[in-house]
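The same chain A turns up in both complexes below, where it pairs with chain B and then with chain C.
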Partner chain A sequence: MKPKPHPLVWLWYAVMAFLAIPFVFPTLWMLSASFKSAAEIFASPLGLLPHSLDLGNFGQVFRDYPFAAQYYNSVYIAVIVTAATIVLAALAGYGFARLRFPGRDLLFIACLSAMMLPAEALAVPQFVLFKLGGLINSHLPIILLQIFGSTGALAVFLMRQHFLGLPRELEEAALIDGLNRWGIFWRVMLPLSKPAMMAVGIFAFLNSWNDYFNPLIYLSNPTQFTLPLGLQGFTDPLGGVFWHLTLTASSLATLPLLLAFLVAQRQFVESLVSSGIKG
Partner chain B sequence: MKHVVGWLLGVVLGVLGSAAAQEQVTLRFTTWAGGDALTLLQNLAAEYGKQHPGVKVDVETAPFGGYDQKIAVSIAGGNAPDVGWVAERALPGYLENKALLNLRPYVNADSQLILSDYAPTSLVLWSRGDGLYGLPFSFSPIFLYYNKDLFAKAGLPTPQEYLAQNQWNYETFLKAAEAIKKADPGVYGASLFRPDPQLWAGAILSTMYAYGGDVFNKNLTACALDSQGSVQAWQLAQGMVEGGVAPRPGEQATFASGRLGMYADQVSYSAQLRQVNFKWDVAPMPSGPAGRTTLLGQAGYVVFAASKHPKEAVAFLEYLSSIAAMKRTAQFFPPPRGILLNSSTFLNSNPLLNPKSLELAVNRQVAGARTFFVPANFAQINDVVVRYLDRLLRPGANVKEELGRVCQEVNGLLKK
Partner chain C sequence: MVKEVKPRRAKHSGWESRWTGLWFVLPFVAGLGLLFLLPIAAVPVISLSHWSLLSSPRWAGLDNYAHLLHDPQFLRSAWITALFVAGLVPLNIALAMGLALLLNVRVGGVGFFRMLLFSPVVVPAVAWALVWRFALQPDFGLVNNLLAKVGLVGPNWLLQFPWALVAVVVSLLIEHLGLNMLIFLGAIQAIPKELLEAAAIDGANPRQIFWKITLPILSPTLFLVMVVTTIGALKVFAPIYVLTSGTDSAEVLMIQMWRQGFKYFELGYASAIAWVLFLAMLALTLVQWGLRRRWVFNEA
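Entry: the complex of A and B
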């Protein structure tokens, strides 16, 4: 027999739903604005229901702007960055946590320093380096700066802390059973690190997806742009914003992430809890 | 032997020939244009490349919000573009850093480009001493968009009709705004501000000029926001907000939504009115005690000082400034060359605006319009005003005192 819910549970839900309004409303508003004309959006600013389900904005976003290409760029860059960050952070994190070699701590601090310096201070020297490599106007600087920049450094730090927290006895047992260092890492430590890697992955993906500064500096052609830059392109010739198109494009850029989160909500929350990262 | 010499000669000539062919110059042109305007610039660049086989022009773009930051990093990183757009308010910063090329020697040598075509006032902004550091391509005064339906509902003459009776001033403007609000409490009568508070320096400047006020003194050494004319203009704006006639700063009551009776902006704003379901038209700004003086927005073409091909870059800039090219950019940007501005090409360039209204709002205003000159650290000064905007316009605000405080802070920044 199912236990009967406490009568106050519904009241509790009502309060929670009410408190959620400030967080949910802007997103709903953005979604509803994608179906409205430029004039309708601000005609009754609080109205969530569009007069009609007009898909014209969606057509215009794809037809008149290289939005599809920008979407593809954002997706493929974020996937590469996420995969590479996880691999790099797991390997480096394990090395810093468990291997003993001269200069280890100094190297670790050097790695962390990438996290401490603001992007603006690094912009010019980094730009000069990439120019020497002939990489301006390509996606490579954007990918490399995410993997080896502050995001990557934080990921290494998180993975190191995670490995430090795992009991040494596990490794010693594996050693006695005849596994070498790589075997210990691959067969014992990594399977225990899935939640931490997931957290690092989410973190890397979001940072890459939202990166505005590096694409601004390194890219100059709308078809090369990623979404954060592309979203700023829906303007009249002197920079006045076309809100209906900007909000439609923003909805399209947000929705997949939102859906992914809803589907995999439990894993996400678990991984964040177990890794100790918050918001 | 003869054979070998001939063969060698052939090789040498071949190598020389291919070396000459390799001397292709690639110019980088940078802009913040998007949409149709970007397509037009790309077409112009491609056509230029066809006419000049040795030159190829790449068009690069960045969103307006990050434009100057991107160029600053490019210049510092030794990768400056050759030619590009610069907005009037960013210009002093570029000049202070000596980032722009002096065009004067090149322009003097070119018989095609006739500077006397340009209204003399249009070049002042781009000149320092004898030097000329850019040529304007957009000469765009602030004028008034008005909602004809709301005027009809309030039973009022339109601004164009007031103008015809010589009664279009800030008194009739305020009366009309109040009447529109009274006829339909769900709308606002007028706004002197763009919805984005960062861009406050628009219509309110026209109002300040009309009352004899200004933001800075002539030499840009002192704040003039607390001068009598400026205070009166801001008192008008504050009174409108207090009376519920104008939206509060930052409130998104846009003209395009049909909820605003009158709104001041430039020609390019008309692109936002493509699909509206109300009738609208345009008129000059109202006149004030000091006359009818509106703000003139400018943007120009420049050549960056670090360009490795200054000669080719200037030639491309001159091509963009030619009558043929400006005829085509006129639909977005009122041309600064007098011949064009007063031509039927310009007056018929914008399908949304009828030629007669465009002539009233743009051409008749340009002559008396004023360019907003700013010091190199204007971005910081702008932040100060934005920070005070709420306090200046809140109900019951003492506008004079608040403007005095703004000026204290601005004067501190001007001394740096």
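Entry: the complex of A and C
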């Protein structure tokens, strides 16, 4: 059934185009600001098109600030968190979905509660714990709290849902072929779980990339910072913000995610929607 | 042929230890136990102490809680939190639903608009907050510039109490609407077409169809989204902290807790605030569960 052309369609386009402005403008404005000089950014604040494609801001951001180190920190932490989340969630999700063992329901309820409760409110005891371990001013608390927090619990929940949806016959056939549990998990179930692992990986990566609260608590040295903290470091000694540099750095922190989103829209939407409903 | 072998070989799985499953979940659950479950148990205990990190903890009984009731800073941020949640959650849900209905059409380019409205969800929260902070600068910011053009003097958006809250709510709405919008859109499009067509044939107008059919069918999704959005609103930290530069112009309980715990290192007092946050969250969720029985449509 093809929709008939309707005069209302044009009205719809007009309304949507208008409504889209506040959603799109801030991002485009930020990206365009990264090509503007400090003077231009104030001279024509509304302009989306910079006068020239000046790349000076980019050079300055990397040259005068520990931005490269901060970028590297964000990347390597997010990669570790993503990989660990996928592996642990696949294992635990399979265990909860397909195996019976003593205490299973209780442990699963613990995961559910971790999914719903705000891990941030546990910052004090967590801090005490890491202080006892001598891990303040290291990346380890940030990595571990991402992996074993709400994000991780949500990942376990989603992987469990996924495994529950796979037909049991597959495992029975594999048992007949003489595979043990590990073999079934590794050779049969995991190859069927790529989309689910992708979904879990996307929101684990985004949550790690976005994490602000824990770095704020555990890190004090700018070269150790991750991007969210680092973005606020483009100031003069009195705290005045260099906006052209701040927005350039923000663009650099945003761009890879935005490009990945444009390339893999469907996966991003699926991942975030599933995390939004269940988390 | 395979079927014949099955019963005999199926015994094979009987050799499997009943603990096998535990090995699968253990790596995650062990970490969760140490970094999540243990802290949950510790929060109420620490909240009964005076503890400033440098000294060792002293037993305080309910002192911290008694102090909460007389602490103007705490009461102020509790009030701001209530306003923030009451402003953000209903607006988020109503607007997300409205946008979902607008996008529930078959027109060329609908996917493009869906992508545009969703795109802020992918932008890092701090980058988004910084752009807004720049746009809302009192003297040279974009918003006040535009207001000046029509002869209005804009307020100091980020440092004055009610305006900072307005700014935070608006920027968060635009950032996150896309997510709930797509959740609702998915649920709307899963409604069987026959149901809506039958109602239309019976003479129901679009408004009646929405209130009497679409909304009741969506109510389980609506309920879930409401719970998740409320909990999410209570734990917002970075956007508010960045927008208001760590000042107290829109200081919600999360920020108050952070300030007490990690600026003043009053670990006991911060834990009391954390416990209040937990209880508030629990209470709100329970209230919503109670309401659920009233208005969530059951297929049974």
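Following the convention adopted for this analysis, the second predicted complex is superposed on the first by the 231 of 279 C-alpha atoms of A that agree within 3 Å, B and C clash if a C-alpha of one lies under 4 Å from a C-alpha of the other, contacts with A are read in each partner's own complex, and residues count from 1 in each chain.
As a convention for this text, a contact is a pair of C-beta atoms (placed from the backbone, for glycine too) under 8 Å apart; a residue touches a chain by one contact, two chains touch by 3 or more.
Values in this document were obtained by computation on a predicted structure and should not be read as measured data.
A.B. asks: For A:A38, using the defined touch cut-off, is the partner it touches chain B, chain C, both, or neither? Pick first, second, both or neither.
C.D. replies: first
A.B. asks: Examine A:Y65 and indicate which partner it touches, taking first as chain B and second as chain C; both and neither are also allowed.
C.D. replies: first
A.B. asks: Based on the superposed arrangement, let me know which partner A:V124 touches: chain B (first), chain C (second), both, or neither?
C.D. replies: both
A.B. asks: On chain A, which partner's contacts cover more residues, chain B's or chain C's?
C.D. replies: C
A.B. asks: By the touch definition at the top of the document, which applies to A:T27: first (chain B), second (chain C), both, or neither?
C.D. replies: It touches chain C, and chain B stays clear.
A.B. asks: Looking at A:I136, would you say it contacts chain B, chain C, both, or neither? Reply first, second, both or neither.
C.D. replies: In the superposition, A:I136 contacts chain B only.
A.B. asks: Now for A:T223: first (chain B), second (chain C), both, or neither, which partner does it touch?
C.D. replies: neither
A.B. asks: Should A:Q232 be classified as contacting the first partner (chain B), the second (chain C), both, or neither?
C.D. replies: both
A.B. asks: Applying the touch criterion given at the start, work out whether A:G240 contacts chain B, chain C, both or neither, answering first, second, both or neither.
C.D. replies: first
A.B. asks: Counting contacts the way the document defines them, which residues of chain A are shared by the two interfaces, the one with chain B and the one with chain C?
C.D. replies: In chain A, positions 42, 45, 123-124, 127-128, 131, 212, 216-217, 232 sit in both the chain B and chain C interfaces.
A.B. asks: Using the touch definition up top, name the residues of chain B that touch chain A in the complex.
C.D. replies: Against chain A, chain B makes touches at 28, 30, 32-38, 60-66, 69-70, 73-74, 76-79, 138, 140, 252-254, 256-259, 265-266, 268-269, 271-272, 274-277, 297, 299, 332-333.
A.B. asks: Sort out for me which residues of chain C touch chain A in the complex.
C.D. replies: 2, 5-6, 9-10, 12-13, 16, 18-25, 27-29, 31-40, 42-43, 46, 53, 99, 102, 105-107, 109, 113, 115-128, 130-132, 134-135, 140-142, 145-146, 174, 177-180, 182-183, 186, 221, 224-225, 228, 231, 234-235, 237-238, 241-242, 254, 257-258, 261-262, 267, 270-271, 274, 277-278, 281, 285
A.B. asks: Which stretch or stretches of chain A touch chain B in the complex?
C.D. replies: So the residues of chain A touching chain B come out as 37-43, 45, 64-65, 123-124, 127-128, 131, 136, 212, 216-217, 220-222, 229, 232-240, 242.
A.B. asks: Per the contact definition, I'd like the list of chain A residues that touch chain C in the complex.
C.D. replies: Listed in rising order, the residues of chain A that touch chain C are 3, 9, 12-13, 15-16, 19-20, 22-24, 26-27, 29-30, 33, 42, 45-46, 88-89, 91-92, 94-96, 98-104, 107, 110-111, 113-114, 116-129, 131, 144-145, 147-149, 152-153, 156, 172-173, 175-176, 178, 180-181, 185, 206, 209-210, 212-213, 216-217, 227-228, 231-232, 241, 243, 246-247, 250-251, 253-254, 257-258, 261-262, 265, 268-269, 272-273, 276-279.
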